[in-house]
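Take a look at the following structure, please.
We just call them A, B and C in the order they show up, numbering each chain from 1.
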Amino acid sequence: MFLLDTFEIAGTVAFAISGALIGIRKELDIFGVIFLAITTAVGGGIFRDVFLGKTPPMAFVKPIYCLISILSALLTFIFHKKILKLKNIILIFDAIGLGAFTVIGSTTAMIGNMDKPFLVICMGLLTGIGGGILRDVFVKDIPLVFQREIYAIASVLGSTSLYYTYNNFKSISSLYMCFIITFAIRMIAVKYNLNLPVLKSGIHLEEHKACETEA
Amino acid sequence: MFLLDTFEIAGTVAFAISGALIGIRKELDIFGVIFLAITTAVGGGIFRDVFLGKTPPMAFVKPIYCLISILSALLTFIFHKKILKLKNIILIFDAIGLGAFTVIGSTTAMIGNMDKPFLVICMGLLTGIGGGILRDVFVKDIPLVFQREIYAIASVLGSTSLYYTYNNFKSISSLYMCFIITFAIRMIAVKYNLNLPVLKSGIHLEEHKACETEA
Amino acid sequence: MFLLDTFEIAGTVAFAISGALIGIRKELDIFGVIFLAITTAVGGGIFRDVFLGKTPPMAFVKPIYCLISILSALLTFIFHKKILKLKNIILIFDAIGLGAFTVIGSTTAMIGNMDKPFLVICMGLLTGIGGGILRDVFVKDIPLVFQREIYAIASVLGSTSLYYTYNNFKSISSLYMCFIITFAIRMIAVKYNLNLPVLKSGIHLEEHKACETEA
């Protein structure tokens, strides 16, 4: 699992930097920047643990990933102009993170839940995208992952492959296959700028407002 | 309980459509639209289960309601112009959903907590309105349920009646009474366009800012 | 612990008033104002209990703090102009609340987790600032605690002192020291208008957008 640990660290750094950069852009203070970096990096995992009943969440018990996030945030705060130039590397690290977090989320969920594919896939996805959703909500953006690019779907396909191959072959190589599928789909989407369909609805706001329910 | 199951499905469809329509209006991509539909339909129930310590939440374990939400979202994505014309039916389904979700939330909470009326009422309310609150937060709207119309109060009155009648008479008819009270209050509010009081505060922003605390 | 109970009630009142005032300013209806007051006062504690696996959260089981919040919200709704004039008292009560909530959050976390300083500090902080973060997210503001003033850091220093002194001396006076440190740092920050550093980044939005990742 050494390789996956390395990937997880790379992903944590990328997620934390993405949170810190957005915090700096929104002119948060240093506490806000650090908080946003931590949220982006470990927020998805915290909610995964809560949903699985594994409390206290690992992020609080084993604070290494929070410390990596704090360090990444501080470095981003100091060297943010240099870090902005590294955008291609950050995109690659981010895709590595998406892959590693999907593997970790899915495998954590599988313990004791091998008969629940939907749960496993959701927990892989939540670990991959939950932190980014929280980050965007905290700074008043509609989560990017809802709006464009192939991102969540890469995680869903990765953890689906993990669930079915692991269930049949009980081999650790399922984990690497999940990582590669998630990472590859994400990188292809970045390279070719692929997006999911958006409806240009032309719904007139008035017309729609009347229909709106409070559910 | 067959009737209540039917009501729950109708409510899930209505809540999911409301999430999908708002997702389309905000020009989310197809993943975002589906995610928002699921959140609206099952988000309240997920947090209810987490607060009650019932993990993993039922929505992940028994994915039928998520699947209904996905299907509703896809149909809304394809036929959104036709669905917009069904606004009266959606409002009725939504009120059915509010009633059914309040019953389910309250009864789930009552197991092992018959001595905690406040918990029971809060869990009924959370199941009824939690998904809509999450939906609005995700797309950067102040939750509609905080702003106008009689909505939450219908759920509160329904689950209050459920708690006290069930506690005294131990009859299944308490569940139907809760449903009818919640549904009826909501429909009357829709028909007569009833709202709760809002204070036109005229608080000058400057004046108020000075007072603002960070709590 | 009588003194701490008094402080907790003062803090609950201050937090609830801050939520209610913001709700009134955003022109929420009376339900929204009450909901926001409750969220501000007990939201942090609810998530602390969930993260610690203590379900159902104390706020639902022992509704006294919710009732205090509802009462505070109603009084704020009726007398909001008079309450706006009490801003200095509210700021002091708010600092008392931050101190008391930090003590309660940290000590709740310490039960069974005496070997996990990071968890203890995070739970003290979450109890102190979580409600305010939720309040701001619900009304579409970037949380104030991320943007300016010395607030969170007071809580972090307070619970750090609590963890280390209690761990070494097992004395109840650690609790009062935590309260005094948190309260004093916060009041000094208010008096001298101290802020944490913010980076005036001058990041061009275009430049940055290209770098943005979806993590």
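Keep this in mind: contacts are C-beta pairs under 8 Å (C-beta built on N, C-alpha and C of every residue); 3 or more make two chains touch, one makes a residue touch a chain.
Given the structure is predicted, the values throughout are model-derived calculations rather than measurements.
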Classification of the chain B:chain C interface as same or different, half of numbers criterion: different
Angle (degrees, nearest 5) of the CA superposition of chain A onto chain B: 120
Averaged-CA centre spacing for the pair chain C and chain B, given as whole angstrom: 27
Multi-chain contact sites of chain B, meaning residues that touch two or more partners: 50, 53, 137, 140, 145
Residues on chain A engaged by chain C in the complex (per definition of touch): 14-15, 18-19, 21-33, 35-36, 40-41, 46, 50, 53, 55-57, 60-61, 63, 66, 77, 80, 84, 87, 90-91, 94, 97-98, 129, 131-132, 135, 137-140, 144-145, 149, 151
Residues on chain C engaged by chain A in the complex (per definition of touch): 50-53, 109, 113, 116, 118-119, 122-123, 133, 137, 140-143, 145-148, 152-153, 195-201, 203, 205, 207-208, 210-215
